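In what follows, structures are represented as structure tokens.
Two complexes are shown next, each including chain A; its partner changes from chain B in the first to chain C in the second.
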Partner chain A sequence: MNRLVGARVARINDPRLLTGRGTYVDDISLPGMLHAVMVRASIAHGRVTRFDAAEALADEDVHAVITPEQAMARTRDLPLVWLAPEQRHTHVPVATDEVRYVGQPLGVVVADTRASAEDALDVIDVGYDELDAVVDAEAALADDAPLLYPGWGTNVVASYDIGDTGEEIEPVFAGAAHVVERRLQVQRLAVNPIEPRGLVAQWDAGTESLTVWISTQVSHHIRDHLAIVLGLRADQVRVIARDVGGGFGSKEHLYADEALACLAAMTTGRPVKWIEDRGEHFGATFHARDVVHRARLALDENGRFLAIHSDIVGNCGAHASNVGTGPFRISSIMLPGPYRFERAGTRIRGVVTTTTPTGAMRGFGMQEASWVRERLVDEAARELGADPVELRLRNMLGPEDLPYETRTYQRYDSGDYPEALRRVGAEIDKRSRPSEGRIRRGVGVATHVEFTGLGPSKMQQLVGFHLGGFETGVVRVEPDGSVVVSSGVVGMGQGIETTLAQLAAEQLHVPMSAVTVRLGDTATAPYSASGSIASRSMVVGGGAVVRAGGRLRERLVRIAAHRLEADPGDIEVEEGVFSVKGVPGSSLTLAELAGHAWLGWNLPPGERADLEEKDVHDPENVSYSYASHAAAVAVDLDTGQVRVEDYWVVHDAGTVVNPMIADGQVVGGVAHGIGIALHEEMRYDPAGQPITTSYLDYVMPTAEDIPDMDVSHLCTPAPHIPGGMKGLGEGGTILSPVTVGNAVAAAVPEIAEKLVETPLSPSRMWTLIHEAGLHDEAGPHDDPTSKE
Partner chain B sequence: MKPAVFSYLDPRTLEEALDAVGEHGDDASVLAGGQSLVPLLNMRLARPEVVVDINRVPGLDTSRVEAGAVRVGALVRAATVEKDPALADALPVLADAVRHIAHPQIRNRTTIGGNVAHADPSSELPAVLAALDGAVVLRSTAGERTVGWEEFFVSVFTTAREPEELVTEVVFPVRPDLEFRWTEFARHHGDFPVAGICCGLDVEDGVVRAARLAATGVADRPVRLREAETALTDAALGAETARAVGELARRAVDPPSDVHGSGDFRRAVLATLVRRTIETWPDRSQRGRRGAAA
Partner chain C sequence: MKAETREVTISVNGQRMTRRTEVRTLLSDFLRHDLGLTGTHVGCEHGVCGACTVLVDGVPMRSCLALAVQADGRAVETVEGLAPEGELSEMQQAMRDEHGLQCGFCTPGILMSMLAAERAGVSCAEACGDVLGGHVCRCTGYQGIRAAVRRRWATLPAARGEETPA
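Let's turn to the complex of A and B:
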């Protein structure tokens, strides 16, 4: 039998994409199409008092300007998907005249060309009554902070505890031999997929139907929410995701501006294209992270972990996003990681501020949890004089402990956590590149368990996540023997088309070239509520394809046995040919079988004619991937520059369907995380104006930051997932920031205690090094000629 | 990101180009490589009424080595300077500095004249001009004048070029007695540097006989670090000198803080660049002075 699962199969989309024959949203052009640009708020907080578009409308190139007033009259509120207990926002308006962040969409201009639409934008006069801004979440908790929603009497949009609460956990800290406490922070990030958001919307007045080509991770979710906000039935809306140039979480819901662009198509009766430009992306697409943890780790006299707790203040931005306090919640449930704790818990406060809302991004809460837990553990090792690897191993759950129920409601499934850590530990033990002069070197490790493959629908109901957690796979053999796989998950560059094809081809014992995978179009794809988020496409969507493909193979074997007058147990399948074992010449090709089957001819009694199987896969649990990483860094004490010189990953994502794609996901994820560790930071001035709105100021990682990596996979199948897969798109990003941070701490132990916040940019590092007195030359503070 | 409406002129001779800038003056922007102007137009941060595209003007795209100077036409591309063997021979530091400007694709368009005329305070070539005591040639319908770097660079994005003038040539004097080096610190190769220096030394038997030191990224325009030059002159190469000169460099500037760091950080990076450049300077005097064989 051909083994496709586990093979390094080339990605089936690449020849098309790499030769410029992909179809991204901006490649779509329809006859009579107009171009939209958004009128966006230029202040952080206030009320729109004037919106004068008369001069813009006087231009003959301009077809429409939708004002905030018109938009409010013609749209309904957008429901939020993940609601925390007693969350004050359950819906947000698509249009409003109340401004709470720079970049908030207020209205739409539609013109013959993008340039004339931007010209019109120039002459639209928007006036405001301005209110005070508040950018920082902790500042927004102050008694005298400006209130975004005065009716609440607070800026806290939701507040709740996870796991063990104060009364249960405080006595453990009080009685502990050793407590490490830090204020740890993860910066605000912009997501920056290479393709910004965008859509083309077409309203057919005859059939009263809306077709939307959009760059999204979640076509059905977009369809359902467009229908709600535009007052349509779901069947009137068709959403199509063609090629998607990356999502990373930023395209996991319907944005207000996307709804407004569709409204513009319905208003003008002409197809409308809206493409977010890069400058716009920094304010219009939801940000991520921006959270402060006051976190504590308690240990007994033997270095055994007793408890971990964090008081989390998360910055939600101007309103709760689609996922609201979800990232802080996921940080909480995954805070214990791979260790035993008697008690573990968090207190969460989600806070609104006059900034772009924060939502999903690769690593969703788990990157923050790893930063907090693994910095605390490293600091404990430093303070106790323990080896960081040994201290971790001493407290780690072993394979014999699994399955294991954590204090934060997780039922870890399978794997060998210590083995992954021992392997990276052995790698760093072998390394002996010393510090030289002003270049310090150090190695660090970190380890985690990851929540992937969201998720059982009933668990999503329990946590207030208003989307189903199942996926449906449809596998069909056409009359000519070609194979079509349909799934509700979306391809966004992660390679899911290839890996679903591998699963189906392996189940049917046909070559890859026989299989086509169709995704992204709500008119043809099976319903997917959650779509391609949360490292679930392969786990949940792939599991459905495994089962549907397996059932279809069994049917084909029965049909072949009937036609070949053999027992089904004697049928062998190889490369699409069904033969009777030991009877040369007694065989049928898949095309021969399928051709008759679709005629309804020569079927065994009781067999259906169609060769299509559908499986609805609602897993009984999420699946828990895990990994250990190690980094070797060099720190220039004089410039503060950190270079990652070597990097090791030992990762377990269950069955690895395509190791080449898996390696790519892990390496890309680590690169993303190195950007978080060293460079990326979305910043605002005190008036709420974003100040990092181009790549001059928002520094992304580049190839020069990324060392060659040593990536290896342990493959412990998920026991409850057909095919055994676990998610792997996020692990690299989750663990790499803290791995780099721990290596930096090892290189410069004098500042280890202060390494509590990323990015470890040259200026932040230089400042910490300087404050630690590690600059031997006369500094500016002892410089008599300094002008400060 | 589409530019506001502008009129577009593409003169075919230098005379036509000078007429165009003469007529439109402050209302015109000159388009050469477009490295800086095109993004500024697209972001509508620049809104000229007229764009004068000089790419089809003949005679501005050549460079020559003559009479102690490398004279580079305003339209010569950065990539050309990077690869031209005659320029590399006459003034290797020019290619060294140019290689730090953006990325190869961009350097295929970037022009030397445009880079200098744009006067970005973190740009490389202005500091090279400062170190070499270079000059910029300006032409208008009224005639031609040559302006020394110190007069030419006025402030951020501001030069002595009058609105009716065109930069036609950039003059990099050759100082065969000095060896020049470019060093910079940037977040990534091709980014604007936090700080960069152009250092020229004449070293004989381990002693500095003459020194030039200019920096970018640490003020509103390129700066010469003259106290540091004085301290270097007649000093012995080595850690002690390097440290003292780095310290003088630090004290010579007072850059503002921005998203990439505080002014103190920039000064410290400058001091480090200076110190390390001097520390690692090879004394070649044992095997003959640079160019002595020619």
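Let's turn to the complex of A and C:
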């Protein structure tokens, strides 16, 4: 048969999405449905002293206003998922009258229409006792900084070391021939799936059950936490994710506003819809990154890496998010990358500030680690006069070194790291576009190893991550021979419906058209604690489907052999037809087999009637993908604008199930990272007011920013994953910001030392170019930022 | 608070429809919630992302920046009208073949802009440049969309594949 795994199969859900027949959450409308709008804090820090909704409630269109007091009385604390050692927050309230960021939900208005709810919002009178704001994490560490939680006596929510510390590592730096040290920073980002968050909640008073249609990456996690905060049993809550318009990490837990919208449905007894608008997204949906690394790389006199260390100050925002200091922790454990180090470690301080909490986003911690490590390595090459590719290869783990245990507790599994870098190096050697006048050109490379396929549940327990790491796959052949695959992972554009169908169809030897994939509904999907996060859907969820499908095929073969009076070893399966090898005309279709099996007829002794197999897959290790990237950029010394002209990726994500989808994931990831490299930045004023709250201020990458890329894959199977897949949804984003940064450094070496912070926006670049004296003295190039 | 209402009649994908709606109702909300045509998506509600793009009398328009009453008496085309049920238009098929969509949320707006571009006879380069540049896609990195545009434009009469003189 034609192999389906590895084939460029068209996506099965494309037709409905292309014709406008998808079902995103805002497309759902229920009879009698009301509309909720959140009352949000308009100040960064203080206490609510007045919440007067009398005028709003007098409007006949307004059905309810839930005040902070009512919300506090009717909800329980939301448990946090990833707890650092001695983390000061383990739970956070869904509602509180203590304000710690602009956009914090305080209450809910429920009205006949969204517009009338927004009208009511205008007449709700909220008064505050205001306190001082602190936006910057390093400023929040100062002795005289305003304290968000005065009882702590500090703004540090968690502090700990990873890997080698103190006496284990300092002597290595002290004795090193060469140390590169920089203060490196990654800006605060807003996640920005094009579909905002939202839900429709329906409370059935008769059965005392809550049904919630929601745009989420994690249906079961939402269900479990909704039950906790609303005081329900888990079985009273059903959560359904239909089509999800992108997640990128922003839809991977229960938000307080989502719980409040469900409370509104329970309070009014009517279905309630709440849809976030884009302005809200910039304050209400958790941000990402916002971290400072004081990082050092030690080398010996031969350019051999000895040690890497970073002192990390991470901005957690108003409270530890569901993942808390998790991004800084992942930065730490992945800091060594693909290189040999005698010592490696970090110190982490997670700091609360009066800003939106920071949480997950594509590239979680690893994008920051790559920015730090690969900038340091490039700077080392520059300072030592070494070739950046050669210096990397000199220090890189080879295939003969794997499996390899790093100083930060990772057991790298498989692959050929130098091969990826050599291939990228060969591509860039073929190309040299020269600088022209005031346009400087340069090529940069970067390389990394990536933590994907979260993860063994045991490992998650060790690191205080309170979600299971397993996935369950159910494969069933129905009486008519159609095939249904159920999994707890969620489709959000990554194509998982198609790739799971490919895996099942390949295992069962049936055509793709026979397979339906059902995801996202807690009433029918097997339990999934972690859901579709951390590049794990294909690895962990797919592995379960491979095993369940394989077992079901073996059973079908046994049944067919029994009915065809042959030995199971003589049964061939092709396109859903079971035949006896070398006996023409002796065959059964899957429908003929399944029809009888579900009747319990003609089964071999000991065989069950149901044609359903379930596999629980808890992998024994993380799966380590890796990649090398190269970028060619042009820098305009007059405007400071950086253009990415060419981009190359050599990526290894194990078995590639669908190369079309794999390329799409990588290219889309790189584009996201180019946005981080050049444009995107979530900013606040000193009073804690967000000042980038639209797409006019927060610049998303558009088509002109993103060149067509050259993507190729090495395919080293994950040795411990059924099917051999590794994760690939995040690698593009992880490596592209620093690849672009290194290319800019190559183009303008005079400012290389100062390229420590993204975005490399025209204004930042213009400033660096001027500080380096590279501006055109003769030209009419005034400071564009101070134009009259 | 009762907002003023008015009767609005538009032809949507060739079908005449009349509804009474608030004068402040956005065209995007009118299409989605009053007429149930949810294929048009709302991503930013301030006219940047382009997901809500529809054609009004053949001209691409951000339906989140227009009021329903402004479309009264006009012909509106939405993604639902691009192909008969169960079929894909050539551009839709090209998007599928070239993996020009992932989550699909921004896709309807892009399809509508490309339809207008195709009718206006703009060049492939302009369709991949200025026209696509009016849309924000978080998933694809635009490469698959450009490939789809090239595939579609390659089937258009020869002149359209060339650069259009300014």
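Heads up, the rule we're going with is that the second predicted complex is superposed on the first by the 777 of 788 C-alpha atoms of A that agree within 3 Å, B and C clash if a C-alpha of one lies under 4 Å from a C-alpha of the other, contacts with A are read in each partner's own complex, and residues count from 1 in each chain.
We take it that a contact is a pair of C-beta atoms (placed from the backbone, for glycine too) under 8 Å apart; a residue touches a chain by one contact, two chains touch by 3 or more.
What you see is a predicted model; the values in this text were computed from it and never measured.
K.L.:
Considering only the touch criterion stated at the top, classify A:696 as touching first (chain B), second (chain C), both, or neither.
P.N.:
Once the two structures are laid over each other on A, A:696 reaches both partners.
K.L.:
Touch check for A:493: first (chain B), second (chain C), both, or neither?
P.N.:
second
K.L.:
Once the shared chain is lined up, is A:660 touching chain B (first), chain C (second), both, or neither of them?
P.N.:
Once the two structures are laid over each other on A, A:660 reaches chain C alone.
K.L.:
Pick one for A:679: touches chain B only (first), chain C only (second), both, or neither.
P.N.:
It touches chain B, and chain C stays clear.
K.L.:
Look at A:400 in the shared chain and tell me whether it touches chain B only, chain C only, both, or neither; answer first, second, both or neither.
P.N.:
In the superposition, A:400 touches no partner, neither chain B nor chain C.
K.L.:
Just checking: does A:767 make contact with chain B only, chain C only, both, or neither of them? Give me first, second, both or neither.
P.N.:
It touches chain B, and chain C stays clear.
K.L.:
Which partner does A:18 contact after superposing on A: first (chain B), second (chain C), both, neither?
P.N.:
second
K.L.:
Tell me which partner touches more residues of chain A in the superposed arrangement, chain B or chain C.
P.N.:
Touched residues of chain A are more numerous for C.
K.L.:
Classify the contacts of A:638 with the two partner chains as first (chain B alone), second (chain C alone), both, or neither.
P.N.:
first
K.L.:
Check the residue A:86 against both partner chains and state whether it touches chain B (first), chain C (second), both, or neither.
P.N.:
Neither partner.
K.L.:
Kindly list the residues of chain A that each of chain B and chain C touches, one partner per complex.
P.N.:
115, 119, 277-279, 694, 696, 702, 704
K.L.:
Give the list of chain A residues in touch with chain C in this complex.
P.N.:
For chain A paired with chain C, touching residues are 10-11, 13-15, 17-24, 26-27, 29, 59, 61, 115-116, 119, 192-196, 243-246, 248, 277-279, 492-495, 660-661, 663-664, 667-672, 694-696, 700, 702-704, 706, 708-709, 732.
K.L.:
Taking the touch rule as given, give the residues of chain B at its contact with chain A in the complex, in rising order.
P.N.:
My answer: residues 1-5, 43-44, 185, 187-189, 191-192, 194, 243, 246-247, 250-251, 254, 259-262, 264-265, 267-269, 271-272, 275-276.
K.L.:
Where on chain A does chain B make contact in their complex?
P.N.:
113-115, 118-119, 122, 277-279, 638-641, 679, 683, 691-692, 694, 696-697, 699, 702, 704-705, 761-763, 766-767, 770, 775, 777-780, 783, 785-788
K.L.:
Once bound in the complex, which stretches of chain C touch chain A?
P.N.:
My answer: residues 1-3, 22, 24-25, 32-33, 36-46, 48-49, 51, 78-80, 82-83, 85, 88, 92, 95-97, 99, 101-108, 111, 128-129, 132-133, 135-146.
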